[in-house]
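Here is the structure we will look at.
Per-chain numbering from 1; labels A, B and C assigned in written order.
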Amino acid sequence: MPGSHCTKGIQKNISSSTSAASSSPATTFTELQPLMADTDLPSEHGNSQENRKEKDPVQPGPTNLQRARARFLKGISYFSGDMKVFGKWMEKQFFLLQLLDWVLRGAAQVMFVNNPLSGLIIFAGLILQNYWWALNGFVGTLFATISALILQQNRGAIAAGLYGYNGILVGLLMAVFSNKGDWYWWLLLPNIFMSMMCPIVSSALASINSRWDLPVFTLPFNILVCLHMVATGHYNYNFPQVLIQPRSQLPNITWAEIDVAKLFTSVPVGIGQVYGCDKPWTGGIFIISLFISSPITCAHAVLGSAVGMVSGLALAAPFGDIYFGLWGYNCVLACIAIGGMFYALTWQVHLLAITCAFFCAYLSAAIANIMSTFGLPACTWPFCLSALTFLLLTTGTNKIFKLPLANVTYPEKNLGFFWKLKKQEKMERAKKAEKESEEQQKAIKENIILNEKEQLRLEHERMEKGMAESEASEDENDETHVEDHWVEQQGTGDEEMGHNDLTEVTLGDYD
Amino acid sequence: MPGSHCTKGIQKNISSSTSAASSSPATTFTELQPLMADTDLPSEHGNSQENRKEKDPVQPGPTNLQRARARFLKGISYFSGDMKVFGKWMEKQFFLLQLLDWVLRGAAQVMFVNNPLSGLIIFAGLILQNYWWALNGFVGTLFATISALILQQNRGAIAAGLYGYNGILVGLLMAVFSNKGDWYWWLLLPNIFMSMMCPIVSSALASINSRWDLPVFTLPFNILVCLHMVATGHYNYNFPQVLIQPRSQLPNITWAEIDVAKLFTSVPVGIGQVYGCDKPWTGGIFIISLFISSPITCAHAVLGSAVGMVSGLALAAPFGDIYFGLWGYNCVLACIAIGGMFYALTWQVHLLAITCAFFCAYLSAAIANIMSTFGLPACTWPFCLSALTFLLLTTGTNKIFKLPLANVTYPEKNLGFFWKLKKQEKMERAKKAEKESEEQQKAIKENIILNEKEQLRLEHERMEKGMAESEASEDENDETHVEDHWVEQQGTGDEEMGHNDLTEVTLGDYD
Amino acid sequence: MPGSHCTKGIQKNISSSTSAASSSPATTFTELQPLMADTDLPSEHGNSQENRKEKDPVQPGPTNLQRARARFLKGISYFSGDMKVFGKWMEKQFFLLQLLDWVLRGAAQVMFVNNPLSGLIIFAGLILQNYWWALNGFVGTLFATISALILQQNRGAIAAGLYGYNGILVGLLMAVFSNKGDWYWWLLLPNIFMSMMCPIVSSALASINSRWDLPVFTLPFNILVCLHMVATGHYNYNFPQVLIQPRSQLPNITWAEIDVAKLFTSVPVGIGQVYGCDKPWTGGIFIISLFISSPITCAHAVLGSAVGMVSGLALAAPFGDIYFGLWGYNCVLACIAIGGMFYALTWQVHLLAITCAFFCAYLSAAIANIMSTFGLPACTWPFCLSALTFLLLTTGTNKIFKLPLANVTYPEKNLGFFWKLKKQEKMERAKKAEKESEEQQKAIKENIILNEKEQLRLEHERMEKGMAESEASEDENDETHVEDHWVEQQGTGDEEMGHNDLTEVTLGDYD
């Protein structure tokens, strides 16, 4: 059957052109390729490798420089991104080692980073800041993870550290805001209780937020730390909190006294304040830990902190607050969340992230003032509320694409996911157009065939009449020719049919 | 075929009776007919006009008075209601003119009025109150609308001013509560920023509220103005707010000192306070702008303001607050929203609107006290919360009919929509009953036919026997008669079938 | 037809085994059987009674003791649980009597008890506490129920007292927190208004909460009482509230001064505080009223109050607050709600209920501090928020089973529902396995039959050949034998088919 053979040939061509199309953007963005190595779906993965093999002989062999670079990128991919390979390897290890992996990932997940190495560096930064705080943070993460295991929460989410990040913040901030000073061991009791409540509150909030496909962010941390602080308050024997009071007079702001150096260090300090740390070096270490996993996240973190600082100046905040990074940390988180994490990064989304950071700065001033009435810090409420608001936004443009929550990984991989989707859409549209034009051609051909058949029939009739009159020798030749032509056309039709079927199968794979 | 002809006849009768039924309430409520001119669905529109033509020759010609009145109402319909004709005409105009239309509609949408003329009158009232406030309001509406255009929000909603009304309130109230006095030009910066945030917050809230088919009301305005005010506060260099403090001692209330005249002017002042205006004349102008678009809205606005005033007295509020209209504006909005805007106006809904106004007054006292702790005014939170509560209410009665959000226009048109729905239901029920009785009759007839056939068969048998015995002359006549009768019955059956089919088609149109 | 007869026999066996299975747990938990008498679905009810009759003759007759016990339990079942028999009887009575029944059930529903006798005892406790409060509570329940009737809410919910319990709390607490003292008759006006608002707020909240299959708890009461209190406040001429202020210095806590006796009485006082009562005897009466309806509820109420007291000590609360039961009442409600009311009671759920009580105690301290800023008491906000959080929890274990809201009755009956569900699942699984094995056997048999048929056919052929050769006497006997065998097999097949059909029908009933 030549038709079916022909179909196979077309199939090959199409799939190779598909892979060519899908590999082209990878070359325009080579730096990030190792990060996106596992972007492809498994089904396609095989195809693309196969095709690469096919193409390799055609292309000239890679130079030594290219090879070295490839090896370098391959090496990077082992400890950047979400360290998937390491995570898979961990699954077969001893339980306590696994738990450590989860705790480290949980520590990094505060910044939306699912990477144990980043988590390790973050713990290093915390130790640099304060031993006691670091201990409390570790205890918090550990018990939050254990509680999630007891409550039989989703194992994948636990392994990604998604039940730990609220725990580390609860542990840290309860230590930071305790008025009893460091090494007040009784504090570990409410710390453990509140950490173990984290998965419960997370699960409850997720039940609500999942209706709008929204994450819970650090809402459980905000709720639980505020709960602990306001339940005990400043005037308490067992667990007193630092005194926070609302502003009741004009702050002393003299523009001449501004310290530009401190203003610049406020950018890393703002990043450090995400974990309640005020040392610039700790903030710097956190920046490194972000860069390791995802440069886009790192860039938006710095940008967010800068936006917060500028907003503080614009709204005439006391310089002390700005230097202390209080205007930065919420903007850092909001800018990361919108800028590539939950939206696919385009220029429009980048602008949206900056807008969100400004809005978040405004909101953090507002919430800090409101919370101070109850003797509470702003925690990360401003980030949660502003990011949720911007994630609930619906627009008519397809340049602002909100990733389905299940597909969120890290900005580079999200971007790969978005590009693939767009390419598929384009290809589908192209194929649809192609199909339509083919159908039109087919319709034309069919018309021709029908006309020819009609002629044939007429000739037959004439022939029959002619047979009676014995004038049929020329006509018979004609008929055979027409039949040949018809068979040819039919064959072409089959090919097209096969092609169309194939198209549908290919599209079906993408769905 | 007499059957099919007969069917057509029935169809005519039915459709004419339909139009007769639909025109009867219009005559009982003639004043509002021009407002409801476009209530009919396009498909029915043609029918009803056609039928009117058919009926006209039958009826005596309209008198001169009737004609003048019709012309007068036609004229009114051009600038009352939502000015649909004007809106359609605007679509072909220059973009800046369109934008002006949207801004004016946005200004009026605060009161749920989608009418550029009302918007123009409202701006006149604002200018009468304070130039600077009016300017801020205009800037707010303009930038909110522009931001919605940039974010590619729904064009129909933008054209209806649904993205502008939060902007005008943000602009106005930020100017009203600024402690820097008028013409502090820097205020335009946060004004523009907050106005441009309006569509984002609106869109986010709509994502949530749409799950319950609820509007966002003025929640974005409430959120953003409170955000700005509490972020800066009274003690701020750049954007200080007026000082608002909670009550800490018994207010001085002497019933002898009550000023009845001021109490009466508090009704229009309450309506003016929706836009933050305290001059009675401004309030009066707003009342006129409401009356132009929708008398029902206007009546409920006045009623709501009165209810608020009475509630203030009942709860022993300081007289100054009552005179100043602070007890009125939320009740005005709540009473409009429930009384005919989102519910179809019936007596039960009217009572519900008054209940809602009382509840709203209670709530506004409560929220004002809570917000004063943070140095904030009550804004329109009480209206939003009370109206949302009353819109979430579910009852077993069909007298309280909540309109689908997509069908909400203005009270008079909503009422027309509700009546049409009710009429259709009635008609459907009547037709169902009719159909059922017909089916019963048909079944009876079929039984008769079957019996006759049985008799026929028996006679045939007898006949055949008789043929053998040669006694058949009388019997044959009988048979023909029976057959004729059967054909007749068959014809009647066809008619009924046709009638039933028609019924289904007619009902199908209504769905 | 032996096949169908056989089927009936199997059906009997199965249904009797079903009833045997369902009666076995009842014997292990005999004390609660009368409470669960109406657990069975009506359709099954007839069956199980029938089977009991069938079994009785087989079993030895019950001794006198057993008979007396059965009669005693039967008697208990009339006034314990939800008094369904009484409720049914009430439906045919005079309207005012019905209304009284609903009011009494409403009074008890605060504790999730749907029992008019408990309600009567609770009113007795309230009268013991304070006549004026009891009167206000009665007025509140009455008008809330009437308002629900006017708004045509669900009749079943009204009859269960689900529209009354917010009313009694509104009435009671408005009287408790009024600063005008007892017998200030004007208070009845806002009392009636707020009670009549209860069904509106309940209905609105239910529209939201029903999306997550959550109850509204006492949220309407919390909203409306806080609304009234903060709207008027302490500094009001008409309706002043008691002065509540935030703590501004360290409380005087000397552990030596602790009064252990008072600490113990704080447990019943905590239960009494659910209705705002501080007398231990009133609390004791409430415990009795709970025990009458449901021992599990009663046990969890006492447990919750004890947990609250311990938490108060742990968080260094002033002893006065603990003695006064302020740490208990929220934990009481939370512990009842989680411990068997909305979750089926297992050991895991019991532990969860205790955790929830601890969380609720923490939350009540926090909310009391926040609300005191506005001069408000904590009301039952902590209970509502903690119970909702724990009801939103999703876990991977089937030991924590949240009952569908429509199936919630009282802990003992809920437990019966849960056990039945579990048994059905087990049975279905067993039947599935049985069915599968049967199908395998059937397939094997069919193969055998097919083989035999094939042999038969071959023999027939041989036979036909033989007929021609006149050698057929022996073969014919063989054939008859085979046919008999085939009929036998067919019969067995029918039996199996019948069995399977029955299985499906039985499972269908359970769905």
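Keep in mind that, in the parts below, contacts are C-beta pairs under 8 Å (C-beta built on N, C-alpha and C of every residue); 3 or more make two chains touch, one makes a residue touch a chain.
Which chain is which protein? Per UniProt: A, B, C = Urea transporter.
What you see is a predicted model; the values in this text were computed from it and never measured.
Participant: After a C-alpha superposition of chain A (Urea transporter) on chain B (Urea transporter), what does the rotation angle come to, in degrees rounded to the nearest 5?
Facilitator: Best-fit rotation on C-alpha atoms: 120 degrees.
Participant: At the chain A (Urea transporter)/chain C (Urea transporter) interface, shared numbers over all numbers used: above half (same) or below half (different)?
Facilitator: Different: when the shared numbers are divided by all numbers used, the fraction is under half.
Participant: Calculate how many whole Å lie between the centre of chain A (Urea transporter) and the centre of chain C (Urea transporter), each centre taken as the average of the chain's C-alpha atoms.
Facilitator: Each chain reduced to its C-alpha mean, chain A (Urea transporter) and chain C (Urea transporter) end up 43 Å apart.
Participant: Mind pulling the residue numbers of chain A (Urea transporter) that touch at least two other chains?
Facilitator: 211, 373
Participant: Inside the complex, what are the residues of chain C (Urea transporter) that reach chain A (Urea transporter)?
Facilitator: Within the complex, chain C (Urea transporter) touches chain A (Urea transporter) at residues 211-212, 247-251, 253, 314-316, 355, 358-359, 362-363, 365-366, 369-370, 373, 388-397.
Participant: In their complex, what parts of chain A (Urea transporter) are in touch with chain C (Urea transporter)?
Facilitator: On the chain A (Urea transporter) side, the touching residues are 151-154, 193, 197, 200-201, 203-208, 211, 226-228, 230-233, 235-239, 373-374.
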